[in-house]
């Protein structure tokens, strides 16, 4: 836990984790018995007929509700589907949870027809790269590349940005990938440029990786190491110097993490999708270690690897300390965008409180988006979300979490903000449906 | 008293709302939102200046000359009421934009002690015509200032966790008392 | 049209009736109001100045017009003789006009005292001219031919500290009263004779 | 449910007790309640006007045209106010001096016009009289109570019609008057706290 | 997903810098002691009594109001104690117990709790209470009369009374170093300049008070006093005198900086402090009040919501 500095006169600073000169190889972890795939979409009444409990699946097979469904995952192991259920995440978001019992005998070298079919379809997609194919087969790769931005007719994409920086503290995944897989990244960048018709990409890296990144063929920009300068909105504002002041979504910029680009490159080169996720694991004693685990690996397997035991009241965070999500079960799996797992002992947790804002202004001074959080929070606590959005810039928030980090009243400000945005957005969506 | 002193006196020292207690109903009624407060402040300034000067003329040249001083109250209120009506009609026809802004506040002003109070005070203090004009303007500015400052605080208080029985008017009155106390700062400055 | 007529008629009738009623009430209360004003505004000062008079000075008043202005004079009888007279004069104070009731001893032509009637001075400062005797008591016994001024202006009246302006207003009023007294003394004496019996 | 005359009268004493329930007519409430006597005097003057104007408005309600009703109300109210003004000068001059500008201001007192408009113009004579009297008495009692509290705390004693009827110092010999209460800010704070108490009791 | 272990589930972020209201209160109390302790040494046991009574009664009032309004007990955050101490720091050591208790009632209950507790008060509670008791019992806070029975080895006249009544020349005898060392009469915790400055600097460095407000407040006092002094050096004392007398230092470091009633943005903070400083001197030199600090603070508290609307544009909202 980082403490308030003795000299509170200066603005609190948080530094991103910087990777060593020669980082240790990630520890390879494999799922022991089961993997769990969380797919962003739960079948409503229509249901799905593509797979059902008891089906055999192969490594690399696409698990989706429909052939052209935008949300899907690629199974990272071969085995048998043992359970399909609903899973409710943050803010009531629904997922389809597909449990797959790993079959030890289902080895890749047993070249059954089924395996070949799976591999062929993927290979074919790679040989004839197009935006369509990419969206259909590559979105399940580690780093979760998002191709949907290309299909928005309102905001044609003008730039491709590859993030060689990590978007939260303690996380080192992207830096590691830049350092080790720059060749694959170059392939990936070329591929994305080709299919999107955009002439070049911009790669954003921390200063110490500037040289390495140079060989990717992209235009290299660096960010400083102070949180949250690697947040996409801030990259747009500061690094890309979009001086017209437009927000990212307005100018149409496609962001890819370095890990995703590298996975795309590798998939293209080999015709086999890489499905190992690189995750920074921080144990209770503060040790940080990179691991490489198949997507879908449950938390339990990772805990066992580190000999960590969880006790009542401990906390496990998927994602960085500022923006991650805490999970309530050791079954929770590694997802394509899980960069970090933090295991916190009960004693390391600061209780949040129900005290009103005391107007100390700490939050306002740290907010990178210049939001008047001391006012905003009053409206949010009172449930007046529309006023909060109209008068107090709710939607300017870039979701860095810094405000909650410094709040003297320990108000869960960030949570209030996310809830308000979510509520307003779902209201807007509902209105559009009605209209 | 020079105009500078009159300015300080009417706006700060003898603020029509906080020291003379005139115009409290609109003070409490239109201060929940800054926008409303600003609209009301403008409307009051506009009407008070007109009413203050017209009633002065009527009092000095008609009521005094014809020995009808006892009709002061009735004459003033009729003047103010008609003035407000007239201003409302005029704005509606000629400056609809301003009407849209001030319109809803105008009827409220008829029953605003501050406007009537300023007219009566101008007479009681035996002001000259120019004094009355200036005092009406300054008093009205003082009203507007107090109203706007109050709205600033009230917008915040409306979001605070005020205990139930104190909510709304009760806490607003207590806050108004504190503003009135703060205005003691200017005592003796003229 | 019909409605328009009705509106005008109702308003006119109402206004006329109101005007009539008010005129009547005004008439009916005029004398009583004047008496009340005398009693409560000037009364305290008069009673203080003419304390011990055997008559009621407020009832025994008369008016003299000198120059433009008409003034009320209040007579006090002592030892059976109407030998003290009081009337009001005004000076410019800190917060507006300040009224001073000034009493004269007809026989010796000396000031018999002064008292503030109306003022709008600051409580604790100028208002002490009325509340405390320090300032006004200095006038008692001065000959009417004297000039009264505050020390700052070279006179011998000690001003209330922190309220020189008020003090000036009082001396100004007293000076005016002394001048008036000297100007119209003959008329005064004539009027007073009436009370002599 | 239609109310009886008695209910129309008594509602002014609690349900619609001004200025606590109907938050109107605050200026005199704040301005004159430095003493109980002033408060009661102001209340009685207002009651007179309320009663008179309610009576007349109700009587004339079928004659007064809708469009000029406010003008008519104002003339009626202003006449009663002037009558009060003159009578007070004639018979209660010291009180008149103390209440000052607030007497002519009864004419714009939001309660009086509000009652004429909202009640008397729509109801028959007896009801309007009951309403005017009830609201007036309620107003008088409120003003008296506020005046009493402020005077007691701010002066240490309550004086009415020239006699000190209650002296706090006889109970607490070393009580020092809490002058804040009789000053302008004290008026607001005291009214706010009384309103709080009434809200709390009302719930 | 059948594990029975109960993990803590909460929301991002999962780190906190550890700051808390209670540690802030504790630190401000500590810093205040730097001025209170010398005050107690100067005025003896009576001063200790006033301070402890003030703190204790403030805490008790808060407990009472917590109880009445059926809300969680909030004295743990130390704010009530802080208010009690701030209030006591302004009082003369001779303040009678009932005035202290009434004052803390107005500070804690009327000034803070009825608005919804900590963070909701529009005015600084301690200042509000102080002005209320001063309006009511002005004679108790006439330092000349109140401290008559003390024997001091320095000129025991309240400096601001001297400058107000007799002009600048009357205060020549006060050496600035003496004023700084607390050789002047005044409130228990408001005369020992060095202590107040050390405490203030400590709080500024620690970030518990916002330096922008304190510094601009002092700058405002300095500039305004300088202006008056330049205009008429006979009548108006110089900036050094105004900075070191009355409640200026406690006002700049401990009163104007109260969080809830002060702005949070940079330019507003500067404007707020500056206005407070200028008003202080203006009231001292032209108003009826002997010291202007308290009323100046009430006025800046009043304009705070308006001036704090001057703020930088939020991200993506144009330049």
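Think of it as A, B, C, D and E in the order they're written, each chain with its own count starting at 1.
The rule we apply is simple: a residue touches a chain if its C-beta (ideal position, glycine included) is under 8 Å from a C-beta of that chain, and two chains touch if they have at least 3 such contacts.
Computed from a prediction, not measured in an experiment: that's the story for all the values here.
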Graph distance between chain B and chain D, where chains that touch are linked: 1
For chain E, the least number of touch steps when starting out from chain C: 2
Comparison of A-B and A-E by number of C-beta pairs in contact, larger one: A-E
Remotest chain, chain A as reference, centres from CA atoms: C
Chain A and chain E, separation of their C-alpha mean positions in angstrom: 48
For chain C paired with chain D, centre-to-centre distance based on mean C-alpha positions, whole Å: 34
Distance from the mean Cα position of chain E to that of chain D, given in whole angstrom: 41
Where chain E touches two or more other chains, by residue: 110, 114, 116-117, 119-120, 132, 135
Shared-contact residues (touching 2 or more other chains) in chain A: 356
Of all residues in chain B, the ones touching two or more other chains: 70-71, 74, 156, 160-161, 166, 171, 174, 178, 181, 184, 188
Full enumeration of touching chain pairs: A-B, A-E, B-C, B-D, B-E, C-D, D-E
In the complex with chain B, residue positions of chain A that touch it: 356, 378-379, 381-382, 384
Residues of chain D touching chain B in the complex: 23-28, 30-31, 70-71, 74-75, 77-79, 81-82, 85-86, 101, 104-105, 107-110, 113-114, 184-189, 191-193, 195-197, 199-200, 203
Chain E-facing residues of chain B, complex: 148-149, 152-153, 155-157, 160-163, 166, 171, 174-175, 178-179, 181-189
Residue ranges of chain C touching chain D (in the complex, touch as defined): 3, 6-7, 10-11, 14-15, 18, 21-22, 25-26, 29, 32-33, 36-37, 39-41
Touch list for chain B against partner chain C, complex: 70-71, 74, 125-126, 188
